[in-house]
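Take a look at these structures.
What follows is subunit A paired twice: with subunit B in the first complex and subunit C in the second.
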Partner chain A sequence: MLTYHTWLSKVNPSFKFLIIAVLFIALLTVHNLNTMIWITGLFFILYLVFNGFNIKLSSWMLLLALILAVLSSTTMIFFGQGTHILFKWHFLVISKESLARGCHIGLRTFLFSILSLIFVSTTKPVLFFYSLMQQLKLPPKFAYGFLAAFRILPMMYEEFHIIRAAMKVRGIEKNKGPKGQYHKIKRYAITLLAQSIRRAQRTAVAMEAKRFSLAKNRTYYYKTGVSSYDLIFLLTMSMIVMLAFVLSSTLPLTPFTNVIE
Partner chain B sequence: MSLTNSQYGVTRLRLAFPKQKEMQFKDLTFHYQKGEKILMLGPSGCGKSTLMQVLCGLVPEHIEYPVKADEIKIPEKWGYVFQDPDSQFCMTCVDEEIAFVLENLQVPREKMPDIIHQKLKEAGLHLDDIHTPINQLSGGMKQRLATASALALDPDALFLDEPTAMLDPEGTEGLWEMLKDAAADKTVIIVEHKIDHVVNFVDRVVLFNDDGDMIADGTVNDIFKNYQHKLIEYGIWYPGVWQNEFGNKPEAADIFEGQPLIEIEDFTVYRKKTPKVHVNKLLVASGEWITIIGRNGAGKSTLLEGMMGLLPCTGKCKNLSDETDPAFVFQNPEFQFVTDKVIDELQYGLVIKKVGQSIINEKVNQALHQFSLAPHIRQHPFQLSVGQKRRLSVACSLLENPKIVLLDEPTFGQDAKNTFALLEHFEKLRQTGAAVIMVTHEMEIVQRFATRVLEIEDGKLKKDFLTARGHLLLNKNEAGMVY
Partner chain C sequence: MKNHRKLKLTDILVTIVIALVFGLIYKLWGPVSYLLKPLGFQIDQLIYGMWFMAGPFALLLIRKPGTALLAETAAALGEVLFAGQGGVIDFYYGFLQGLFAELVFLVFRYKSFNFSVAVLSGMASALASFILDLGYGYLFELAGWNLILNIIFRFIGAGLIAGAFSYVLVKALESAGVANIVRPVSKDDYDVLNQ
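Right after this comes the complex of A and B.
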């Protein structure tokens, strides 16, 4: 899935994960629309330059992030409270304040998506879980459990296609209406779940047959450690946040410095 | 009898499956010596696999069945290869999977790459890059990887639980060839239903009956000579089973109508927007039994699904019968089930076509008896045995008397008894003037039943010829032929 290897993929995955988690929480306290615009813009540039996806996947992901952002902002824009009315039609009221708040929420959604994409597009799942075990002492049964589940997902996707073809052959399409739809969804769910549960059970037994529970002190095939890239990553991320704060006070793009008021 | 140092096994084992009244094993005693090569045979569901899991300690330590025994002696180091090539791995890539075993054994990281290369070599899995995703391997290669990970445990004993059940003949032969060398100095205990290749490898055969009792224990010759009737009864694939069932010649040649049913011209089938298989010209007539053969990934199933209209395609593929839609049987019957009861499953196709209830009842009852499903009408299709599931899926497809039947490896993973029963159903259907088109790897079916063979290679129809049986039929029915 990762097409390119940028310097971000050399950062310790656990460290990257923690920094981004801290950013998530810190950014919840930002109510200044200008700061939000600058932060989002700068991280967006970071993503564009250093993400590891190919253009096609990257574009789809961005489109998805955009749709999420628009959806989360519209409710606030159309129905939020405010005194400076810009537009009114039945229940639909757009005020200056609600517009600013809506944009702020939309930007935050987009920013969180971008941060997640920065992480996902530069981190191999296998290395992430190896790092969680080695640096953050995650119990191996969770780490390998997740990794085994990763293997099952593409199989489920394949099975989904086969089931769709099989349902077509059996003529389940002829069942129209809500009842037919319910029946169809139920069939997909039962078949997919039954396959996955049994597969998971078999995988678990196979893992035990390879003496998984026996190991008290595991060794690791992939060694994940600390490197200078971690420092560079920390500096880059803090620089971006600081730069955004400076720019928002020197080059404010909107008059809304606090969307809560 | 108490166990000596070199002896392993169980003494007076009692084991019950949850939610079952009857005990699976009642005072079963089974011992073996270091270095023995043992094959366990028995009808499906007799508990052979469970016994193997007891012998290595997976039961009851990790699979918690109630177990009682006077003594269980487990080999110190053992490896286990399971039946399903897809669900015995937990990592994404080949090297990581073997590394997982080495990590469990706390092998230092620096030593891992060498051991991984060595174990892959021992298991005959030659890859340019060991960091290859497992889902890109064929079934046979996956089972080699499973063997390599078992060998990474440096075992004294290997337990092989139907390792070739999901492999085609080529993969099966290759795996046993490899195991002959790789497991030469180890104790090997095998559960297997296809025993063509195993017989030369083992020196002791143990036979179980339906109740999980050991009814015979002896050399290969002894068992195959004196217990052949049991092997037939249990549907085991022993050498020469086809001859015993059907004799030396192909099936008799009788009806061959020769009315055109499918016309194909310049037909291309696409998978994920890329053309996968192309057929220039093909005419299928009633009364034909066509087998599509070729290597894995050549495009056999793709052609079948294209003919059924399940994949995007260009060109002409016309159903000339106009009476009914073609019937299609998928490789995994479970995907095809759309209801929660065997009886509903059989009725489904007719009910949605609004056929009268009296006709439905008549047809369903007939099918229940024909396919020996009558005792199971209230069960959930998923609870049936492998063979019953397959019979149910075929029964559902044949209920509407289709003129064209497309089958994707219908006998795959089936025991001999079930395979023969299915083949007889297909033959009956063919005699009523239907065209049977099946993908198969089983050359016995091709030689004995098929009238015509289509060989697909790299997405192209390489050969299209009549079999001996096809020629016989042709001579009898010269007037009606469409060629």
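Right after this comes the complex of A and C.
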């Protein structure tokens, strides 16, 4: 998935994950629409400049994030509480307050997508799990469990095509309606799950025999460590947040400073 | 007997494989749910229960303490790594939902795995999601009737999909002969040997 290697891909994966995880919680306390606009804008720029996806994948991801952001704001815009009513049609009431709150939620959805894209587009999953084992002391049986499970997914995808072809060959009729759909889902789910559970069990037995679950005194093929890039990452992220707060008080773009009120 | 209940690499790998499959479904479920959202009347909440399914399903299948928590957390982590919509926030949701599903089985001391316990654990996950929604979704800023619909629909969906559907699927896997290779050895199995 990673096409380009920017400096963000040199940051320790666990550290990156932790910083972004803390940032998510911190951002939940932001109820000022102006601050949200600035934070989103600044992180969007960071993503555009330093993401590791190629242009095509990056644009698709952004388009998807944008659509989700717009859709996520609709419930609050149409059905939220508020006193300054702008538009009314049966159940649908749009007020100034609900509009601001809806925009806030939409922006936050977009911001969270951007932050995840920053992480995903600059992190190799394998290195993430190796770093979890080495820096955060995650027991190897969990980390290798994850890595092996990722390898099983493409096999399931292949199996899905085989099962579909097999069902076609045997002339399993297509039932229409919700009941037919239910049976179809069940048929695929059972066959796919049964096969992969058996495969996972066999793989695990082999891995245990090769001492993959050994926790003490083990060596690692990939070594992950801490570097100066981690400090740069921490500084960049905190600078962006601080800059956004400063900009929101000096250059407020909307009159809404608290969307909860 | 106690040792049989500890998670081994086999249990972990099977749980995580299941979890990643659900992680992929969770990721795809985002757009599905958002398509229903503009319909209003909180219709989308009826299918919200899909996001709770990994936990109860894994525990019903493997029947070892910790599998619900591991499965739901791993599914959420999978969703994050597949670039799901909620980002890292999904991880927190997954962890708490898994924990609540797990607690239901813990209350029954991991001895009861019947239909009602399954439904209960699905609904416990829904409760967990509401706790996080308090801070995250501005849930209580919705108009009153909309909020009530939201809560009722989510609990119904959770019971139906995460509880009932998980139970049906696990039953089917049992009859396919898959469940017994991943479950801990029970006293009955030893009794068979002694005969």
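Keep this in mind: the second predicted complex is superposed on the first by the 251 of 261 C-alpha atoms of A that agree within 3 Å, B and C clash if a C-alpha of one lies under 4 Å from a C-alpha of the other, contacts with A are read in each partner's own complex, and residues count from 1 in each chain.
By definition in this document, a residue touches a chain if its C-beta (ideal position, glycine included) is under 8 Å from a C-beta of that chain, and two chains touch if they have at least 3 such contacts.
Just so it is clear, the structure is predicted and the values come from calculations on it, not from any experiment.
Shared-chain residue A:Glu159: touches subunit B; no touch with subunit C. Residue contacts after overlaying the shared chain place A:Val126 against subunit B, while subunit C stays out of touching range. In the superposed model, A:Lys88 lies in contact with neither subunit B nor subunit C. In the superposed model, A:His5 lies in contact with neither subunit B nor subunit C. Touch criterion met: A:Ala194 reaches subunit B and subunit C at once. Contacts of A:Val169 after superposition: subunit B is touched, whereas subunit C is not reached. Touch criterion met: A:Ala148 reaches subunit B and subunit C at once.
Within the superposed three-chain model, A:Met207 lies in touch with subunit B and with subunit C [touch as defined at top]. Greater residue coverage of subunit A by touch, when subunit B is weighed against subunit C, goes to C.
Of the two partner chains, subunit B is the only one that A:Tyr220 touches; subunit C does not reach it.
Shared interface residues of subunit A (contacting subunit B in one complex, subunit C in the other): 125, 144, 148, 150, 194, 198-199, 203-205, 207-208, 212-213. Listing the residues of subunit B that touch subunit A in their complex gives 56, 58, 61-63, 79-80, 82, 84, 86-93, 95-96, 99-109, 112, 134-135, 149-150, 153, 305, 308, 310, 328, 330, 332, 334-338, 348-349, 352-353, 382, 396.
The touching residues of subunit A, counted against subunit C in their complex, run 17, 20-21, 24-25, 28, 61, 64-65, 67-68, 71-72, 74-76, 78-81, 91-93, 98, 101, 105, 109, 112-113, 115-117, 119-120, 125, 128, 141-142, 144-146, 148-150, 152-153, 156, 186, 189-190, 192-194, 196-201, 203-205, 207-208, 212-213, 259-260. Residues 125-126, 144, 147-148, 150-151, 154-155, 159, 162-163, 165-172, 174-175, 183, 187, 191, 194-195, 198-199, 202-215, 217-221, 223 of subunit A are the ones that touch subunit B when the two sit in their complex. If you check the complex, the residues on subunit C that touch subunit A are 7-10, 12-21, 24, 30-31, 34-35, 37-38, 40-42, 61, 70, 74, 77, 80-81, 83-89, 91-92, 135-138, 141-143, 146, 168-169, 172-173, 176, 178, 181-182.
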